[in-house]
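To start, the structure under review is shown below, and the notes come after it.
Order of writing sets the labels: A, B, C and D. Residues in every chain begin at 1.
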Amino acid sequence: MTVAWNRYGKVSVRLVRVERRATPHELVDLTIDVQIEGAFESVYDGDNRACLATDTMKNTVYALARTPFDSMEVFALRLADHFADKSGVSSVRISATEQPWLRLSVAGRPHPHAFAQPGGERWTTVITRGRSSDVTTTRVVSGLTDLLVLKTTDSAFADFPRDEYTTLPETDERILATSITATWSYRSRAVDFTARERIRSALVETFAAHVSRSVQHTLAAMGEAALAACADLAEITLTLPNRHHLLVDLAPFGLDNPNVVFVATDQPYGLIEATIRR
Amino acid sequence: MTVAWNRYGKVSVRLVRVERRATPHELVDLTIDVQIEGAFESVYDGDNRACLATDTMKNTVYALARTPFDSMEVFALRLADHFADKSGVSSVRISATEQPWLRLSVAGRPHPHAFAQPGGERWTTVITRGRSSDVTTTRVVSGLTDLLVLKTTDSAFADFPRDEYTTLPETDERILATSITATWSYRSRAVDFTARERIRSALVETFAAHVSRSVQHTLAAMGEAALAACADLAEITLTLPNRHHLLVDLAPFGLDNPNVVFVATDQPYGLIEATIRR
Amino acid sequence: MTVAWNRYGKVSVRLVRVERRATPHELVDLTIDVQIEGAFESVYDGDNRACLATDTMKNTVYALARTPFDSMEVFALRLADHFADKSGVSSVRISATEQPWLRLSVAGRPHPHAFAQPGGERWTTVITRGRSSDVTTTRVVSGLTDLLVLKTTDSAFADFPRDEYTTLPETDERILATSITATWSYRSRAVDFTARERIRSALVETFAAHVSRSVQHTLAAMGEAALAACADLAEITLTLPNRHHLLVDLAPFGLDNPNVVFVATDQPYGLIEATIRR
Amino acid sequence: MTVAWNRYGKVSVRLVRVERRATPHELVDLTIDVQIEGAFESVYDGDNRACLATDTMKNTVYALARTPFDSMEVFALRLADHFADKSGVSSVRISATEQPWLRLSVAGRPHPHAFAQPGGERWTTVITRGRSSDVTTTRVVSGLTDLLVLKTTDSAFADFPRDEYTTLPETDERILATSITATWSYRSRAVDFTARERIRSALVETFAAHVSRSVQHTLAAMGEAALAACADLAEITLTLPNRHHLLVDLAPFGLDNPNVVFVATDQPYGLIEATIRR
């Protein structure tokens, strides 16, 4: 029997790159697949001497992302050229998908380092109408969910307690990203429900402007701003997953990484929830 | 043993409503859950005389959507009030989620009946770099995916052949909705990749303006517009799922439905694919 | 400009077929794509006279499923042969995916009409440990989720109330399918947690054996059986979505449909929840 | 304004634990949420001195998993007790979900270290029927997808080339896990399609028995076994994602980790594809 065709590689490599040499910051968020074909039949017999490790492919993506690029096509071509030179390779396929981020607009102006991915955003309401003996009560809880926001600076996390299982270093500079879910209860069923837009703006603009010492710290500021924006709100509950962006260690490749190259991770994630009340 | 708590209802009711009494058209896209609690213990013993059918709940959502409403909160309150009056009900919970649509901008002006849900939009590129003997070839195929667009008029489907399994009526007025996936090959690896934005605009604006006799008809127009917008394109392939919006039959409830109340369906769906070349 | 390649069809057609001419019943659950290529360029110019409607393709799948088949390959070949004879068609692609169902084993024997799809099944536990003043309380709530079960007979729904929005006919024979989520609280934190297996068997075997007048009716029987199976349970909450299987109307094609050909639907769905306590 | 309620923690912590002190190996695969409530209002003011880092919570899950446990309830209680003792905590919620693995049966006997998660498994077929001039051709390609298998030993990866971007250590002992997708073409449209079951057994039993030097190495063995099992197959294509299980470094907590505690990761992943032909 023979290996009639073969291809292998590393896929779903998550890369977030921040260009912060000037203001405003530039952000690009990519998912990359590296796949190669070639004379790798011996690998199928158990001889790995020709098998470029897929882990090496992943490292290469991050190392080559240290140098700026103008578009994902230019970066994908850079990767294709690199792997085409490897021994045994007859064909390289680089696939890249960009998750586009929009620069947040705050007070009518584009923000220098805060972004949104409003795509999956949904608006919600839950009406609960109950009756006990002769009393009827109606509760209106509206909200929004899956509004992704990210800021490339003005976020720190330090001074937290350390126990025998703590390894996290303190940081005064990190990416802060979250997917906002908010629910708020209205004072009555007869309010102006277009308040949603004002509340949304308050949440997003506060996220952008706040100098954050923790997700909790920013959550409280966002909640206060929402309550200030709409007198009809009794309280607001915010659920903020911490969508971690980890700085990639490029030192093994002789490169520094001054908050430029990050890996976006899905799990595990921090989850911060609180209700802010007047 | 006893039923200590119970709740039931119909969930994930998909409702799309078009208000077309004036220009511009207004569009609202909701997913609704109806859930009730009350004195339904007998149902758990097999006696259905107190059991409002969940199918009836679904019908009620569509029937009550025939009358205009200003916000989803107002519509959810209307549903809550309706079900609270039903026999045996002690509590009603109406949950609504709105998938927001943005009015498309064409030539800098808001379009009267075309909308986009750009949320999940992704941009793509695939580089294929091959080598045979001493010749190296590099192919760049870029694109976009998951760009949702919808128009509330200027779409028909008629004059198609009928066989023994055909039941679809002809129509000169329907909702046309799709999730655009496009891929195009560039003439070389050294083009201006910001062409993506011009191609995207050509696709979206043509979708909005075209008077459609079929998805295929609109696909060809979109492809031609994209090729016209960028001389660096050799060809473009479009994949257009037909995201069906079915008109709800309200006649059993004594109501007309002049293209106002629709159910959005996920599956099955039509899938139209073609490559347009100069 | 020219149409260099084209393909179209109907995809994600959901088909569930029950062969009930003998005992035991046979069940097959398929998702089918029909796609054709051919001389359809005129359709892209807006002339639909050559355009076999994708709705007709869907109808054809259901009509041709009225006749028994031995495997999905045989059925897919039947569809391919049918569409290959249509005018203008040069190539047909039929793709089928089978979601396999296992016959439930009850009391060690294969059940004649109850099935499970245990694939996505997950087991769950939630520990809540609280402290107020000097008292510590620990609550253990275990469960399972996403256990799919289906029975092809012994399920009815009739005698329910009818109002101005009711159109559902009564039925004494339907498919009953659900995805079981159960959570139960243990009497203490020091019980035998292998009870999960006994509770699971009680739920599944009761689902299979029960002669159901409603989902609620079966839910109560399942809950009672679980409590009877394990003395350490204080109560059990069951969440049972009604995964509707709708009988396809084949009369327009001159065919009867004695509970043989069904379409499985995702949304909307009934959702029945209750807590059963000793 | 005040923080009326708050809760935070680390969620979706993926833990795979192998007990290999005896034969057969025992495997448990959990997703864990740790959430705490308490007197953390100062954190919302920007003072982190009371804020146990969620990263510490994650580390704690892995460290406490070094010691064996009999059920996920017992492990979740262990975690709850640990976090309840932390300063400021009034309530702990530990949620665990188990993805159950079944021990593979090979030659009728339970395998000592190979497992399957057959839940999401689907069976596939694609018929392509074409016509050019007067010749009709029909191709039948059947397969299966999403069949998860895992082995806890007999898998190595060493002797691979190292370049300037290689950091992966060689290993002679790792978890090998994949989600099998296979497609095979039949010699004609008139074969016995129940061959699927024999092919499936050949794939799964070879995965279990093979002493693997790489995913490619095992892929070739699986493909050859499938071809040997069914004379009607012309060739088979296997797509094997490498679902990486990373050994957790417990050294910072003074613990060894002799291939016991792993983190299961979703992305990136290796992807190995090949066609094996007679």
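We take it that contacts are C-beta pairs under 8 Å (C-beta built on N, C-alpha and C of every residue); 3 or more make two chains touch, one makes a residue touch a chain.
Remember, it's a predicted structure, so these values are computed and weren't measured experimentally.
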Subunit B to subunit D, fewest steps along touching chains: 2
Same or different residue numbers at the subunit C/subunit D copy interface, by half rule: same
For subunit C paired with subunit D, centre-to-centre distance based on mean C-alpha positions, whole Å: 27
Euclidean distance of C-alpha centroids - subunit A vs subunit C, Å: 35
Length of the line joining the C-alpha centres of subunit A and subunit D, rounded to whole Å: 24
Multi-chain contact residues (two or more partners), subunit B: none
Set of all touching chain pairs, with the criterion as stated earlier: A-B, A-D, B-C, C-D
Complex interface listing, subunit C residues touching subunit D: 70-74, 76-77, 79-81, 84, 89-100, 117-132, 136, 138, 140, 142, 145, 189, 193-194
Contacting residues of subunit B [partner subunit C, same complex]: 1-14, 33, 35, 40, 43-56, 58-60, 63, 87, 157-168, 213-217, 219-220, 223-224, 227, 235, 237, 241-242, 252-253, 266-278
